[in-house]
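Structures follow.
In what comes next, chain A is part of two complexes: it sits with chain B in the first one and with chain C in the second one.
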Partner chain A sequence: MRTLTKTWLAALAAAILLSTPTMSAEAGDLKDASEIVNRTNTAQYYAANDGRALVRMKIVDSKGRSQRRQFAVLRRDKADGGDQNYLVVFDQPADVRGTAFLVKKHANKDDDRWLYMPGLDLVKRIAASDERTSFVGTHFFYEDISGRQPEEDKHQLLETTDTEYVVKSTPKSSSGVEFAHYTLYVNKKTFLPSKIDYVNAQGKVYRRIETVKVDTVKGHPTITRLKVSDLDSGGYTLSDVSNVEYDMGIPDDIFVEGSLRNPPQKWLR
Partner chain B sequence: MKRKILDFPLQHARLVFIGLAVLTIGLGSAIPWIQVDTDPETMLSEDDPARVFHNETKEEFALHDLIVVGVVNEVEPEGVFNPASLARIHQLNQQLKTIDGVIAHDVLGPSTMDNIEQAGPGTIRFEWLMERPPKTPEEALAIKEAALRLPMLRGTVVSEDGESVALYVPIESKDQSHRVSEEIRTIIDGFDASADEFYITGLPVAEDTFGVEMFKQMAISAPLAALVILLLMWWFFRSFALVLSPMIVAMTTVTITMGALIASGFTVHIMSSMIPIFLMPIAVVDSVHLLSEFVDIYPKHGDRKAAIKEVVGHLFAPMLYTSLTSAAGFLSLMMTPIPPVRVFGAFVALGIGLAFVLTIFFVPAYIAALPEKRLAALLTSKRDADDGGFLGRMVESIGAKSLRYSKPILVLTTAILAVSAYGITQININDNPVRWFKESHEIRVADKVLNRELAGTYTAFLVMKQDTDAEREIVAAGDDALEGASDAVRSQWDGLKADAHAASEEGATNVSDALIEATSDLSFDSTGEESEQWQAVQTALEEAQTGSKTFQNPEHLAYIERLQQEAEALPLVGKTSSIADVVKTVYRELISGEEKDYRIPDSTEGVAQTLLQFQSSHRPNDLWHLVSPDYRESAVWVQLKSGDNQDMMAVKTDLDMFLAANPPPEGLRAEWAGLTYLNTVWQDEMVGGMLESLMGAFVIVFFMMMILFRSPIYGVLAMIPLTITIVFTYGLIGLVGKDYDMPVAVLSSLTLGLSVDFAIHFLERARSIQAETGDWRETMALMFQEPGRAITRNAIVIAIGFLPLLGAPLVPYNTVGFLMAAIMAVSSVVTVILLPSIMMQIQNWLSPKGEKAATGANNAPAPLATNKEQTI
Partner chain C sequence: MKPTLCTTKQCRGGVPSLRCLAVAALVFAALAFASGAFAQDEHGAGVPAAEEGAGESDAGPSTDAEGEAPAEPRAEETLEAEAEGPVDAADSAETPEELAGDVEPTEDTGGDEDWGEFDDWDEEDGGGDSGTKAWGFQLGGFVEGLIAPRVVRSSASASEFAAAEARFRLNLDATHEIASARFRGDVYADGVDSRVWFDIRDASIFVRGGNWFSMRFGRQVLTWGTGDFLFLNDLFPKDFNSFFIGRADEYLKAPSNSVQTTFMMKKVGLDLIWTPIFEPDRFIDGERLSFFNPLIGEIQGDRSPFSPIQPLFPDKRLRNGTIHGRLYGSAGPVELAAYGYVGFWPQPIALTGLPDPTNPPQLTYARLGVYGASVRAPLGGGLINVEGAFYDSFDDRVGTDPTTPNSQFRGLAGYERELFPKFQMGLQYYLEYTLKYDELQSNSLWPAYEQHEFRHLLTLRLTQFLVMDNLELSVFTFFSPDELDTYIRPRVTYKVIEPLAIVVGANLMFGRYDYTFFGQLKENTNVYARLRYSF
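What follows is the complex of A and B.
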């Protein structure tokens, strides 16, 4: 009899525990999809005021053949969610070593982009076009690296689970985008996306970005491993971020054309 | 033995019927499981080196078979470059991506391709060439100008004259191309009426559509031929019930043979789809001989069983011989190296055997089982049994004349042979699946228009590769860099190598990349001398890796550039594309956008960085259709305006000569791939194989003839009609300029089998009649009676019966129809006119005075004839 009561109590307790996750929306949850997306944008692209990282990307095609890209990134924000500067200097593969990008990202107009190619001893401006071109042959788009402006899409909160917000974002203009909408899965605590599914006009998820690993550096949750998959072809790119440093005091005056030819080693190492 | 065989069907007719029904229904029930394979690639065995390499190339460079959709506007002054036409093209371009079985991300068209251009001084821009349709005529022209500046698009997506556009639709597998092309057609049909003309073509569409049409033809042409044959026989034999029997023999033979083929698990290839068409005449021929004689004899006997016995007695031996020789002709195809041809040969031979058995068993049983009144017509027929009607009188008079003019006939034959021999030297060996359609077919029309407008819809690939093991060389460079290092460092290095190998086995990296990363980490994490040491190893590895990228090397790219210039100078080559074109185009736009900068950068690094920019476009993966990601293999696309095998061969020969005279740098090796090229490989094997098998069969049939007639002279005589028929038909093909293609090649075996038929019947009968009469002149007179009529009837039935094939939209069917008629006409004429003339000339050799010949003839298997009585 006693054991039976015990079993019954245990089952009841288990039932209550299991049912908890379905009771989703908690008191502190955000209700406004746009606010969620804005905070995600800030968490992912504007951590601290400046930062440095070493990025290794591995591009794997559908046949398992791989290529590498390795570069250092310096960043300095003007304002959270606003303008910011990037300097990207390539180290691998060796034949593109020293290739550099300077990006002056603007929240309200097209970014300014410069490119330096040491092999041709050439600095070139890259004119604005849509931002969904490949980032140096990886499965990432330029926009995935620099961040998509939240104002470009209409956001709708689909669901709030006990760990995530699920937001459907639909572009206001279909110009320059290949997706019909994308679904953003945002971690409620860190506001980092755990997954982004891109859906085409036929309603099929054809592209996915997944956060594989998050580390907290100087109090900032930071995605240190990110995977983007082309679900049509089966290829993917894995991005590993290391040597992350925040609030180094990187000065604004290194984000100039001159730094393309002579990268500021002091901040890169 | 023979007597037992002859009696069996008469005594056990019901057993024969049931047996045949069981066999037909049993094997025929396998037919719904038919598996069609119209891929000419399967003409090569799976392990054929050319086919293996072709598929490796497709895999390596992610190449798919392409459907080409061309848009031409002959009315607008700027062709399709006006807002309305481009709007349709844009819509089509977008919708193509949604078709099931289409590789969406590889669809080539103005809306899915990138434009790279200068956007003001010192500025470069990457953007979609046509993200949305233009609103004004000026915008439309800007798109044209931009496209014409891009060598990868010029002549391919936009015609050289800037008036037409083509879209290239890559498909997952060839066997879907007909369906996909139908879906494309549906999209196009949905457009408003306009001056835009849409054309769909490409080798895969041609091949797959051929398969679809082929089955329509199997359902139309073959039965139509059967119907005509039936009607002709009815006209000859006056009894519908009677002539039904050869039809039943033919139909059941075809059904059982095809059923057996499908049940054995073979796919029905273009070749095997022709089995019914080939078996039909062969199956009918024996029964027509049988009926022809029966109709002549029966009215005199009045007793049908006796008549049948007599007829089958006469014909058993010649029918057996003809079946054996025909089967030998087809079995000889087993000697060819082409799997579908071997299957075809084997099953036609099987069908021939079956047709013989059915003729011997079924036809007599059928006649025996017929109600009496059905045969009454034969007895009361107005036709005079003595002279066999109009046909009989004609044969008789021709026979008489041929004997009178035997010398001129021999001279004429020699002259015809000489002309034919000349014709054979003119034979043009060539094939092209697109030409399997008649000129009016929409695929042929599209092919013609698009190859006029564009650089060529036929593609071959010249693959250049470096054979050395790059990974091993890179690791060796690391070993060298550590020479003289401490044991501890060296063992650490060994550990790294083991890890790198393990990582590469897991996939997603390779040994050199893993080692470079590991040494980079070590030099970063360590200090002092150790850090320097790892730094040195990393540098050595990197240098070796950069050096291994063959097709980033400006010198190698320059070689490809020269090769392309050579190729493009050939009139048949519309255009070539390679990684060198990509490098030069991006470099031009990076530097100035002007023509003078359309060149290859001076350093490997310059090339690598130029390519890195190309990869920052919307379609970075387009690069991998031209070069492998390790830059050690590259494909030069050669676009041809013609898919004719001989044109492809001409291009290959020219470029092979260039490669031999100008060897590629550093042990680079060049090899051909692509469907257009592959077609030439099997054609080569086919023509060689067919010729060999024809020769083999010829010799075998010759020996069979000598053995069966037990006489070398009769053997030679039997070979005369078939030799003349083959020489004549192939001479004719050469003279009229018809290409010697796959269907023609296969018909040679049929020629052999069918044209020896009449000779066997003729000689066998002549010899047995002569054995009785002892006089050749009298024998010949008798030969122009019933035996001559049988041969003539047969020839007419088959020749006319196959004329409906001339109406089919598929050229191979026309070819079969025409050649079948030619074979029948020539071999029957030669047999009836020439053989008697020759035999009269050499009669002393045929029966050197009296008894020896007579006994020889008596020993022959069928001396039962009492022809003398018949004619009285």
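What follows is the complex of A and C.
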């Protein structure tokens, strides 16, 4: 069960599926790379004010062995680009069914996270952890799920095509990151990333995240299929998002300890 | 081997009503399940995959040892099926290059077999995607084998094994928007005592009344407090036998038949739990694990005519029930809680009378009240927790009665953080301060064996995750600098393939003296291997 210690970020996976629409006005191309990245962050992680989704992941390792993860996510934003609450309830694999995470994501400080282990009826608070390590045993990192703060990188607009912006992002501090830079391909209409290439110090792309499918739900373009590949090992993880709903009116008071023990079925189903 | 069905060890101690309660709860849960299934049909929502399981639930938990046998081969079959899986996956696995081209984000690359698999995922597994259905059902569980040979010579215990068992667990859940029913039941064949045990860990109904009130009643496992394997304000029953023989961590907590009510007001919550019939710990009674018995002045194991210890239980009257309360809330990232308990010491550490050759005393449970508080907050990239509890031994507040434990203050301070990626460390300092110690010493029946006025305990937890979180290395160590004893729990957990996990570990107890908390357990030192197949 402790494998899932970091599973809370799953919550954030929800964010991935919940993407934003607001910027579809074609008022000419943007020139400011930081502006593009900020809009991408909002589009990808802050769609609507609240949302629900069912996330299923298939993990395939370099030897072709596969595993599954399945969880439901509830999210409520306090402010776009700011604090968010997440509740994540695991359904698969079988040995972690009923395990749940409560995440209070903070824009400017460490998140508060709790893990519920049903066998022990234990609500365990979880310390802050490295954001660039495997999220619940998948090829996603926590940071892929919860979003990387745009201010952590310097952004440079490399190219503007008919459909995309291409932005190179270089970390301001190399501590805690394994990449030298990454290249972000952003759809000009939806501001959702279509691809992210992570480049190491040798200039080689070793890791890639690709958007495979986008659906529009209640006017919000939403990434519903995503693939992350470890190009060195050949392993990859597929993420499929379904049952998406936005602006359900999820109240703030369900993001409490009691909801870990007894998940609020009214909002999850 | 004569199979004996029993809900708990205490059955043999003459508490048949526990069994009745458990069976009643089971029937109740099964009925709830059946009525849920009926409601679902009414809604015309079709037959979910889990419903067949719901039918089995009636028979499953009540089967005896034979229930065990069919489960094992099934595990193997599925294992083979799984093993074939990777071959297919490898065939269909796309290379990263195939996907390297620009993907139009508004189109589905539908031809990919990998993705197609998601479409029928729900049907296979019953899933959490219950859509508009009124009731959701889930069936699950595991089959597990555990073997734990003793590795030190023991004169007190005859058995060469601390554990040798095959276990079948059934989990059933029926959930509705405002109510749910839950069942967790184990059947296990125990090679150490040559019995078949039937242990219901949960058979409860949950009801929600808006966002401010909820209630769970029935048999359930309960936990609270901030300690890691140390419980100050958590007086819910523990199973210390399970803890020391390599069973999964969850078995440290034993169930009780209780009513839990929760009130939520803004950021403050109140839990009140009533256990009408006192449920003690499943303590170490000498039969499976040996312990130091101060009455006889030596380590007592299954060779002893006094094993297992059979304490005198409080009368089953309502006034002998236990009440647990917790008031909790948070101020920013800081969590605060206050706790209260009225009931009995959870272990039989009192005597019914002074030793008398003609009328030997029995061990029993003394009355106890516990009042405490805890704080938990982030600090320096980790978490700090502080907890205190006052153990008020009602019947011997002056501390002069040698048959009744003295009051104590218990304190805990802990800190945990991730030192390196996927490497976590947790440190705890724990203190037991026994009040009226002079009175205790001058009246004690065995002053040499009494624990010190201040008992200090340090714990260290180290955990490392490797291989995409599929391999976990961990060690948890207890060490008491004043009792000079230690307990080390090294463990390796490997998830071989998805449903199959193997755990190898050890329970290593050392101590300079035979009568200290961990030192008395040293002859039980064991290594273990556990194989679990989850479904």
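Following the convention adopted for this analysis, the second predicted complex is superposed on the first by the 241 of 269 C-alpha atoms of A that agree within 3 Å, B and C clash if a C-alpha of one lies under 4 Å from a C-alpha of the other, contacts with A are read in each partner's own complex, and residues count from 1 in each chain.
The rule we apply is simple: a contact is a pair of C-beta atoms (placed from the backbone, for glycine too) under 8 Å apart; a residue touches a chain by one contact, two chains touch by 3 or more.
Worth saying up front: this structure is predicted, and the values here are computed from it rather than measured.
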item: Partner chain(s) touched by A:L192 [first = chain B, second = chain C, both, neither]; value: second
item: Residue contacts on chain A - larger count, chain B or chain C; value: C
item: Chain B versus chain C as contact partner of A:L122, first or second or both or neither; value: both
item: Touched partner set for A:E210, first chain B, second chain C, both or neither; value: second
item: Contacts of A:A94 with chain B and chain C, given as first, second, both or neither; value: both
item: First, second, both or neither for A:G82, with chain B first and chain C second; value: neither
item: Which superposed partner A:Q202 touches (first chain B, second chain C, both, neither); value: first
item: Chain B versus chain C as contact partner of A:K58, first or second or both or neither; value: both
item: Intersection of chain A interface sets (partners chain B, chain C); value: 56, 58, 60-61, 63-68, 70, 92-95, 117, 119-120, 122-123, 125-130, 132-134, 136-137, 235, 238
item: Touching residues (chain side chain C, partner chain A) in the complex; value: 85-87, 89-90, 93, 95-96, 99-100, 102-109, 114-115, 117-118, 121, 125, 127-133, 136, 138, 140-142, 171, 173, 175-178, 180, 206, 208, 211, 214, 216, 220-224, 248-250, 252-253, 262, 264, 266, 269, 328, 333, 335, 376, 378, 381-383, 416-418, 420-422, 424, 463, 465, 468-470, 472, 474, 495, 497-499, 501, 532, 534-535
item: Chain A - residues contacting chain C, complex; value: 1-3, 5, 54, 56, 58-61, 63-68, 70-72, 89, 91-95, 97-98, 110, 112, 117, 119-123, 125-130, 132-134, 136-139, 185, 187, 190, 192, 194-195, 208, 210-214, 223, 225, 227, 229, 231, 234-236, 238, 240, 242-243, 251, 253-254, 256-258, 262, 265-266, 268-269
item: Touching residues (chain side chain B, partner chain A) in the complex; value: 59, 62, 98, 104-105, 114, 119-120, 122-128, 131-132, 507-510, 513, 516-517, 520, 542-543, 545-546, 549, 552, 587, 590-591, 601, 603-610, 612-613, 615-618, 620-621, 623-624, 628-630
item: Touching residues (chain side chain A, partner chain B) in the complex; value: 56, 58, 60-68, 70, 92-96, 99, 115, 117-120, 122-130, 132-137, 142, 175-176, 201-202, 230, 232-233, 235, 238
